[in-house]
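Next up is a structure, given as structure tokens.
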Amino acid sequence: MTTIEPAPVIAPQRQSRGFADGLRDALPKIVLAPSFAVILVFVYGFILWTVYLSFTTSRILPVYKWGGFDAYYRLWGQPNWYVAMQNLAIFGVLYIGICIAIGLFLAILMDQRIRAEGVLRPIFLYPMALSFVVTGTAWKWFLNPGLGLEHTMQNLGWTSFKFDWLVNPNMAIYTVVIAGVWQASGFVMAMFLAGLRGIDGEIVKAAQIDGASTVAIYRRIIIPLLRPVFLSAFIVLAHMAIKSYDLVIALTGGGPGNATELPSTFMYSYTFTRNQMNVGSASAVMMLMGITAIIVPYLYSELRERKQ
Amino acid sequence: MSFLEIKDIRKKIGSNEILKGINIELEKGGFLVLVGPSGCGKSTLLNAIAGLLPPSSGDIVIDGQVVTDLHPSKRDIAMVFQSYALYPNMTVEENIAFALEMRGVEKAQREAEVKKVAKTLQIEHLLKRRPSQLSGGQRQRVAMGRALVRQPRVFLFDEPLSNLDAKLRVEVRAEIKALHQNTHATIVYVTHDQIEAMTLATKIVVLKEGQVQQVGTPAEIYNRPANLFVADFMGSPAMNMLKGKVSGGGIALFGNDGIKVAMPPSVTANLPDGKEVILGLRPEAITDSGLVDPKVVSVAQIEADVTMVEPTGSDTFVTGRIDGASFTARTRADLHVAPGQKFAFSFNLDKAVVFDPQTTQRID
Amino acid sequence: MNIRMITKLAAGAALIAMTAGAAKAAEQVEVLHWWTSGGEAAALNVLKENLQKQGVAWKDMPVAGGAGSAAMTALRARVTAGDPPTAVQLLGFDLKDWAEMGVAANLDDLAKKEGWDKVIPAALQNFSKYDGHWIAAPVNIHSTNWLWINKAALDKAGGKAPTNLDEFLALLEAFKGQGLTAIAHGGVPWQDGTMWEAVVLSVGGPEFYKKAVLDLDPAALSGDQMKKVFDTMSKIRTYFDPSFSGREWNLSTAMVIEGKAGMQEMGDWSKGEWLRANKKPGSDFVCIRFPGTQGSVLFNADQFMMFDVGGDAEKAQLKMASAVEDPAFQIAFNTVKGSVPARTDVSNEKFDDCGKKGMADLAEASSKGTLMGSLAHGYAQPAAIKEAMLDVITQHLNGQLTTEAALKRLPEAVKAAK
Amino acid sequence: MSAGNETVSAGQANAARYFIYAALIVLAVVYLLPLYVMLSTSLKSLDEIRGGDMLALPKAPSISAWVKAWGEACIGVSCVGIKGYFWNSIKMVIPAVLISTLLGALNGYVLTKWRFPGHKIIFGMMLFACFIPFQAVLIPMARLLGLMGLSNSTTGLVMVHVIYGLGFTTLFFRNYYEAFPDELVKAAMIDGAGFFRIFWRILLPTSGPIIVVTIIYQFTNIWNDFLFGVSFAGGEASPMTVALNNLVSSSTGVKEYNVDMAAAIFAALPTLFVYVVAGRYFVRGLMAGAVKG
């Protein structure tokens, strides 16, 4: 952060004039301080602690005996970890891409002066309201070849219908994508809808007068104008993708085999069930580095832009 | 003694100096207008007076009290903002009463004060409404009511008319003028509109790039602008600036082989022959011969090509051109002249001011 | 809603939250466990009532899910906070790991008074004691190398229960011929592991199991016998129904009960499902040791590890430990749970045929030294190694690894996790 | 805005409308499927669930599973249903949402209207806090809660949710207040209002849309949290999700899917209610600032 500070709206007075005035000038900082202190300790302190732990020999509980890079060697020696990273790449790309595509599509449809918007909107939004602790069972049934869609279709007479992704190690990660998209795309729709409603109608009118077709108006004018929404949606989805845990646990438990392991489930299982807390911490450090790589450039550009 | 003194106010933001030592004094009951183009520092100065933006150095004195370090709420001032800054969550009544409430005024008294102000401003029927239900002019009145109810020592207005349409602007301007005359309030008023400045002020300060260009009454500013910037900025259409050379008690205009005009001796007495000058002449000083005041001493009749005719109803502005130099004349509305014709203009040189092109200052 | 109201609500709500915590009764035990379903909870309720009669209040802290993995997270949080529960349901090496952290209580006096040393099998004592001191009260002994067969289907296939792997594979083929899902299995790592360890025992016998699973001999883990184990697993895999993946074990049991599937390899807890469906051992279903494993028992025991809580709470803790080892409770609990008592001196008359067989097998294995810890349930290896081995087993079973790759990967994974 | 269709012929326009409605209805049905499965299963008998088709309507709808889930189902050794845990969640979620929202609003207020050197770095750091994986903070959090004497208590849990919600609530309010006219704050200062008065009387009363977004967001997240609940508030103080998990993922015993589903629906009711009732304001609130990110 190198650029100049902008003019503050209300800056503190030049000199302090007695206790009451001094207190009044410091009040905003006093109000902010507890929140910031809490974040410092409970986020940044804990991150440092996790980093330290990854260099110890901790197994079942934290111990503070130095272990060097052992945990990192173990981590990168784990086939599971590579599977988890690969899955995160597949999951992340598809989840973010499909959520944005469906969210945008839904938002554009919803923006055509739809009569039943009040009914449809909550239908698309409600999955976000539910935890996978709640909907996991329903999803598991639905995707299970013996109980769900495949079974139903075959009962209906389409006997060659096959949908066994859930139990197919090569395809199981895609079922996680399906359920994830189901959950988050409505939220993305709401973001795009808000963005669409915020666009100046005159721009669209001008484009119509210029003779642009509806498709062209969306493609050339509206969607480019939604750029900030794309960015927000990307950030929200990226962080949900990296944190995705309930989703996998509820749907596949990481299986079949380890076909749907993600870094978050990897970290959890090494820390809490496999009694290799240092390896778990090392994976957490890796995740944090990944998050940092995505978020910090975004934060930087976002905060710089506002400086003008 | 002055009621409001602004002493050597400087304001730096980063490495950027926005105010470069401003000194202004205003008597009690005066109406000070700070005028200048955007970015000249006038709003910064107003904010400094209000206490919303502390100056880097210098002092603000109100009624003999140094208020530079006082919190805005303790300076006993009121401010009307460009956007009116009405609290959207409160009714008109609550908006006007808010400052009184903050100062612990009893409810009954508050209501009485609000009624009184509402009556003055003729907004009694709006008291229960919210700002979003008001028109622009009504909001403007409420914003003034909010200031008036306080009876502060100084009123500050930050471009209060800029969000109104033209007709309303004229109306409200007149109301502000009347208000000032009736209440004898001390007012500091920021605008970029020179007509507002002329009509309202008892004292105008013209600012440019953080420096005072000229301080004076509206007449002084208009008739005797201190420099080319003030001359150009104040008045519409702008003052004609004609290049010329001093030549034997007069000034040769429109190039070397142009026209020589005789000047009142007071203007050219101290200037050497051959000195390059800029002759400033307001459009109303160039007219058709029928309009020339017989008492005028120095008049020049100059024929020029007419390039444009702009009727405004009451007057007609005619653009003339000689030898590549254009000027604007203000003529009678019923003058029959069309572009392409030649026309003889009368230059009233009694009204002329002369500037030094090097220093841009007026030459007396 | 106006703002003042919100503030008041917030203040009020915060106050409620403050008072809602804390408040501990005089004598009480707080018990962390994952027995949350009807039958198990009812069994545990016997213990709760016994303690209440002695004036000890029972503070229940059930955390279900993932065979105790969520419970382990909660336990870590509590221990880290310096506020451990009184007693925690724990398995196998987890007991050792926790005791190593110095958080265990010492039950030696009670154990001596009640003579636990004599009545609890030595193989189990290994886990109930740390460094020679009693730290846990074992509740029961499950064993995992059982095969549960639908009697009607078996009768149709000749009525003879298989006693070795070949007969077992033949029976699978026969069931398949009947149009059944030959063997009901749930594709979850611990279930895969439960089947795998039974196959290991069957293929190589107790010696091989000891060498490969308990001693982690790299040669045994990648040798010919192990190849046969994985090949057998692959063969069994072909008899699964398509939707086995991720299925809970009790759903598989239900398939056998309803006659949709022929049999199930599962621990003795699955008997509870049969009993609840009003099926009788011997007439409706057959319980046998997994073919080729008669004489050996792979055990899995639930224990209540006592945490060092100090002071007054200790008295209640000892009362609980004593109540767990009360023979009456052992009978009451284990008849419901399907397991056999952790004490060997308990009468078997209240138990059904399968229970009686279980108790007899246990006594036999215990005396012969073929009572060995189950890998899938944490009694053979610490969690890190166990999970690493399960990774390989489950990936192989799901076709992500070939047999050759699994044989190579298994010793590597073990080495990496050590 | 809405795309008009003046340039398109009436027939084409109608065809486009049919397509839009058809697409929306098909998607709506797909989105509703899981909820439908839960609902219809909760109304079926166990036999019907085992034998029948998952998507079929219940033959003889019965609410007995609902009654059982609410008041009779066993969670651990006590069989009193999930109603007690429902109230646990309420007790936890209300203070946590209100406190984190209020703090977020104050932080946003300071970070936009009372700026000081370094405010951007502070905001950036608070924002980054949103992205920390919660699994990584469990152990140190437990230790600190223990030191504070808040281990295994609702108060501790409320605190945890407030802390990890602060980043989001601050973000929402900061973006909203960024667009709030500074002149109003100046006017109020000249009128004599102080820091808190300006906040209570001027900013907060005009923050409706963003308060709705924040409350919906926080309510949903905190209500649905499992990880913190299971780690920091076990036993009788467990929130709803922990109890639900105990009910549905018990390792052994007969699975009563209808009861599980009914309990799951109970657990989902408050968040569903909030979304359905406040969904309209949600989009509006997002428009009012949150989307700017």
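Labels for the chains are A, B, C and D, by order of writing; each one numbers its residues from 1.
In this section, contacts are C-beta pairs under 8 Å (C-beta built on N, C-alpha and C of every residue); 3 or more make two chains touch, one makes a residue touch a chain.
Bear in mind the structure is a predicted one, so any value in this text is a computation, not a measurement.
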Contact steps required, at the very least, to link subunit B with subunit D come to 1
Shared touching partners of subunit A and subunit B are D
With centres defined as the mean of Cα atoms, the chain at greatest distance from subunit A is chain B
Highest contact count belongs to chain pair A-D
Expressed in whole Å, how far the mean CA point of subunit B lies from that of subunit C is 90
Expressed in whole Å, how far the mean CA point of subunit C lies from that of subunit D is 36
Distance between the CA centroids of subunit A and subunit D (whole Å) is 15
Contacts with two or more other chains occur in subunit A at residues 5, 10-11, 24, 61-62, 147, 268, 272
Each of the following residues of subunit D touches two or more other chains, namely 138-139, 141, 186, 189, 205, 227, 245
Touching two or more other chains in subunit C are residues 66, 73, 76, 80
Touching subunit D in the complex, subunit C uses residues 3, 6-7, 9-10, 13-14, 16-18, 20-22, 30, 32-42, 44-45, 48, 58-68, 70, 73-74, 76-78, 80-83, 85, 248-251, 254, 258, 269, 272-273, 276
As the complex stands, subunit A meets subunit D at residues 1, 5-6, 8-12, 24, 27-29, 31-32, 34-36, 38-47, 49-50, 61-62, 106, 109-114, 118, 120-131, 133-135, 137-139, 141-142, 147-148, 151-152, 155, 182, 186, 190-191, 193-201, 204-205, 208, 211, 213-214, 217-218, 222, 228-229, 231-232, 235, 239, 242-243, 245-246, 264, 267-268, 271-272, 277, 281, 284, 287-288, 291-292, 295-296, 299-300, 302-303, 306-307
Per the touch rule, the subunit B residues reaching subunit D in their complex are 47, 50-52, 71-73, 77-79, 81-83, 85-89, 98-99, 102-103, 146
Contacts from subunit A onto subunit C in the complex sit at residues 59-62, 74, 77-80, 140, 144-147, 164, 166-167, 169, 172, 249, 252-253, 255-259, 268-269, 272-276
Residue set of subunit D touching subunit C in the complex reads 50, 74-79, 91-92, 94-95, 98-99, 102, 138-139, 141-143, 145-147, 150-156, 158, 200, 204-205, 227, 230-232, 234-237, 242, 245-247, 249-255
